[in-house]
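Two complexes are shown next, each including subunit A; its partner changes from subunit B in the first to subunit C in the second.
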Partner chain A sequence: MTKKLLMLLAGAALVGNGGMAGLPAPAGNASISGKVTYTGTPPKMKPIDMSKEPSCAKQHATPVMTENVATGAGDTLEYVVVYISAGDSDSAAPTAAVRYDQKGCQYLPHVLPMQVGQNLQIYNDDQTSHNIHPLAKVNPEWNKSQPAGSPAIDTKYDKPEFIPVKCNIHPWMHGYFVVLNTSHYSVTGQDGAFSLKGLPAGKYTVTAWQEQYGSQSQDVTVGAGESKAINFTFKALPY
Partner chain B sequence: MGKVFAVVLTVIAIVSVAFFAMHTWWLPPDISTTGPAVDHQLEETLIGTGVLFLAGQLLLGYFTWTARDPKSKDKIKTFPGGATPLVTAAILVVGIEVLTLTFVGSKVWAAIYLAPPDPQSIHIDVQAEQFAFYFRYAGPDGQFGAVHPDKIDDGSGNYFGLDPANDVAARDDIVVGSLVVPVNRPIALTLHSKDVGHSFYVRELRVQQDFVPGLDIPLHFTATKVGKYEIVCTQLCGLGHYNMKAYLEVMGEPDYEQWLKTQAGQ
Partner chain C sequence: MTIKNLFVVFALGFAGLFVAGATSSFAQSHVNSPDPSLGTPNVATETSHIGNLTGHAEEGKHLYRRYCIGCHGPDGDGDGMNAQWIDPKPRDFTQATFKCRSTPTGTLPLDQDLYNAITRGFVNSNMPSWNPLTPQQRADLVAFIKTWSPRWAKEQPGTALQIPPETPVTIDSILHGRELFQKMECWKCHGPAGHGDGPSAATLTDSKDNPIRPYNFSTGTRFKCGETNQDVYRIFMTGVDGTPMPSFADVIKPADAWDLVHFLRTLQDMDTKEAELWKTYVAAHRADIKPIGPDAAGGQ
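Let's turn to the complex of A and B:
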């Protein structure tokens, strides 16, 4: 009886002291936004031959291209993760899960950012089996088979890491899980644009990460309600 | 009961041999220059083994029929003259047949697998990995780039481990997921495996060859009929083995040239 009471009290203390585990990010209204571009000549993306998997091949009117250096008009870079790498206060992972799809023998989205401890749901939308294999080094590494019609895989990562993801059945399938310590992140679209919103005033390090070209950082100080523009430029090589 | 057994046995033997004789479930037509020799050898093997099989079953039926004796259940009948000469004769006949088939068959095999490829062959590199085949053509310069296993990166489509940044010959290499060849031209493949043992098998070519990790294994053939054929892995290689396949596309020469040009452009 006493033991039960103690546990209840301890539980109440934890709830009351939730800040230790991570409060919701302090609200702010400053923002940092901009564009990611490249100079030089990026490699040509190659068409992917899916003829061995007809149920996937027929989903694509034109061949899917490799995505390791995806570019847009105006020398923009797609799939670059821009995030606050220093200066952000810890925040609890949102309760909403992030979703990762295996569809048409492709990973959608190609680069999936998430927060440490955030639920990750992995779906197989195809008529064929997949075997997803995130090549984690800091977090535990695993691979799981998912035949057509299987329920979603429910998982999460406890440490920040850039994790390449591959399919053990379809060698061309490739993507990234980007597990971050911050709730302030953005992935560039084809226009290369990113935007980090809801920042409290302060001094931040903003980092842009591209799967082939690595990371770049800039220090930015924003005042309350201020909007700052910064840009990142990567040097592209044809090979 | 002995009569019934003898009849059923004889009927089963005759019917199963008849299906072979009539080619009821037969191989697809062969499409390679070496195919007829393989088919001929298979036919000879089946005739030789078929005759012995039929003779054995008919004899068994005959003995079951004549030796039946429902009245004396305990009495064991013996073969007139003893079984030793018959068993010895059977071992000799079967032994000679197996040895003959081995020698004749290995000649056919050697003529395909050990003969050097035609000097005019088109060279194509094959990389097998869990669970797909990739094919590499030398490209417009006619030179294959060197391969570096540490550079293999499936995510960027570098299945062979080329190093185009430092190796000019590798820049125009064409890497695709289907084996496209012109009809009636000798093709010389070099088989590599990235991970485990795999196998290259095209029924219509009558060609089957294992991939062995660490070895570069040559294999050559000449396809004689335009069409699309399945290449399957016939060496159990893991979870996705059932799904490991690619297509062999045999094209007319102009179509092939056009295809090469398109690929080189990409």
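Let's turn to the complex of A and C:
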């Protein structure tokens, strides 16, 4: 009897889970991981001249390089967002905010993934004013001044979108907000590696997005606890 | 060739010209409907409310075809036949991003804001004042403009900025405004003397990557979004969306904002109380005035 009651309760909890927001998606233990590389010749990243903003220039011993096609040893691609674009059950945004910094007249991180509805906090750590101007098209476009010492800007996005971010005062500053419908995403480091963990068994579409070369997708099926390896290769153009 | 034949040739020629003219204007005589899957407001039911006027999108659609389509285009995306010759470019209504708002940056404007923009026109652009249209016609146009973006079906306009009563114009107010002009780094784009020639001016682009110039205070009397002190207050507090001009609403306190308005007036070549006070002050205190810009004490 007690056992039956427990099972009933567990069943009720499961039903409740399905319809409630704010709870994490059903956890699994399958994973998809791999590497993002390029073929061809990527453009040369150029040193950024920050002499017009001495307070930033002096923070960098060597010039900061542009980051639109950042590469690593072994023809790897950095700052590629790899995420589940189909097959993932809707996962509510986590309560933890993501943090975006303006430091040394650079955006840190260069590419910031977040979930739809997740809080985003934007900080100005510099001794100069920045205007933070995310050029959204699907979401509302706004543009705010954030002088040195201002409190963080708290915001969020309601729809998935790849949003270029710029500072009009310092035209070399470029970054991306990547607003996703999934909690399963990964940004490649200099080694080009990505890993999507905690997936329930199922059939997924995995998409890799690079700011200059766009998106490509692969369909992957994983069983419970299975680890699958897939790789992405972008065709690099020198311009 | 007889005189009569010649006449026939001419007549045919004129007829041909007429047909050609009619065809080319026909190319943009039809207003397209947005893709219904976008969820844009219904033209048959969308309205606007300006004071006690109610504008109707269905009426506005006919007016749009007559007065607006040439620049703003049959799809409302700012790509009309004339657009290629125009700088700054006509507004793209499908983005629902508007320059002159009383509402916070990133939010939809009030109907009244759009009505004011149509009525006022935009100085230094090809958008004339549509004051010759009746208030009802302008209200109808506002209603129709809102049928181009799904945002108008899903979102409410932002809450209008509250502007407190103007503080007295004093030299202290102007001097404090000048400190803000330095501290907020307005000069980075607008230049130390407000001539639109700051260090970042040359690289500015709007949100569609077209080059854009910061306002040069010395050239004229009018701003894009109005000409009164209240308008100036509103412009820098809510920002000019779609351009590099950000909103300062989160970082300038209301009382301080009036000080900045008073200082900005001294940058214009106009007979204002602000300019008079400033000239008198400069004549007496020239040596005490620190320059604005990167070399100013307290600057970076």
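Definition applied: the second predicted complex is superposed on the first by the 217 of 239 C-alpha atoms of A that agree within 3 Å, B and C clash if a C-alpha of one lies under 4 Å from a C-alpha of the other, contacts with A are read in each partner's own complex, and residues count from 1 in each chain.
In the analysis below, a residue touches a chain if its C-beta (ideal position, glycine included) is under 8 Å from a C-beta of that chain, and two chains touch if they have at least 3 such contacts.
In this text the structure is predicted, and so the values were computed from the model without any measurement.
Three-chain overlay on subunit A, with subunit B and subunit C in a clash. Using the contact criterion defined above for the overlaid structures, shared-chain residue A:G189 touches neither subunit B nor subunit C, since it reaches no partner.
Legend: residue contacts after superposition of the two complexes on their common chain; A:I153 is shown touching subunit C, with no touch to subunit B.
In the superposition on chain A, contact is made by A:W142 with subunit C only, not with subunit B. Looking at the shared chain after the overlay, A:H174 reaches subunit B, while subunit C stays out of its contact range. With both structures placed on the common chain, the touch criterion links A:L237 to subunit B but leaves subunit C unconnected.
Of the two partner chains placed around the shared chain by superposition, subunit B and subunit C are both touched by A:N131.
Touch criterion met: A:N68 reaches subunit B, while subunit C stays clear of it. In the overlay built on the shared chain, the residue A:D49 is in contact with subunit B alone; subunit C does not reach it. In the superposition on chain A, no contact is made by A:P109 with either subunit B or subunit C. On subunit A, the patch touched by subunit B and the patch touched by subunit C overlap at residues 52-53, 128-129, 131, 145, 168-171.
Against subunit A, the residues of subunit B that register as touching in their complex are 129-133, 153-157, 159, 164-165, 171, 175-178, 239-240, 243-247, 266.
Against subunit C, in their complex, subunit A makes its touches with residues 52-55, 127-129, 131-133, 135, 137, 140-147, 150, 153, 168-171.
Taken together, the subunit A residues at the contact with subunit B in this complex read 43-44, 46-53, 66, 68, 128-129, 131, 145, 164, 166, 168-172, 174, 211-212, 237, 239. Contacts from subunit C toward subunit A in the complex involve residues 95-97, 104-107, 151, 155, 183-185, 188-189, 199-200, 203-205, 207, 239, 241-248, 250-251, 294, 300.
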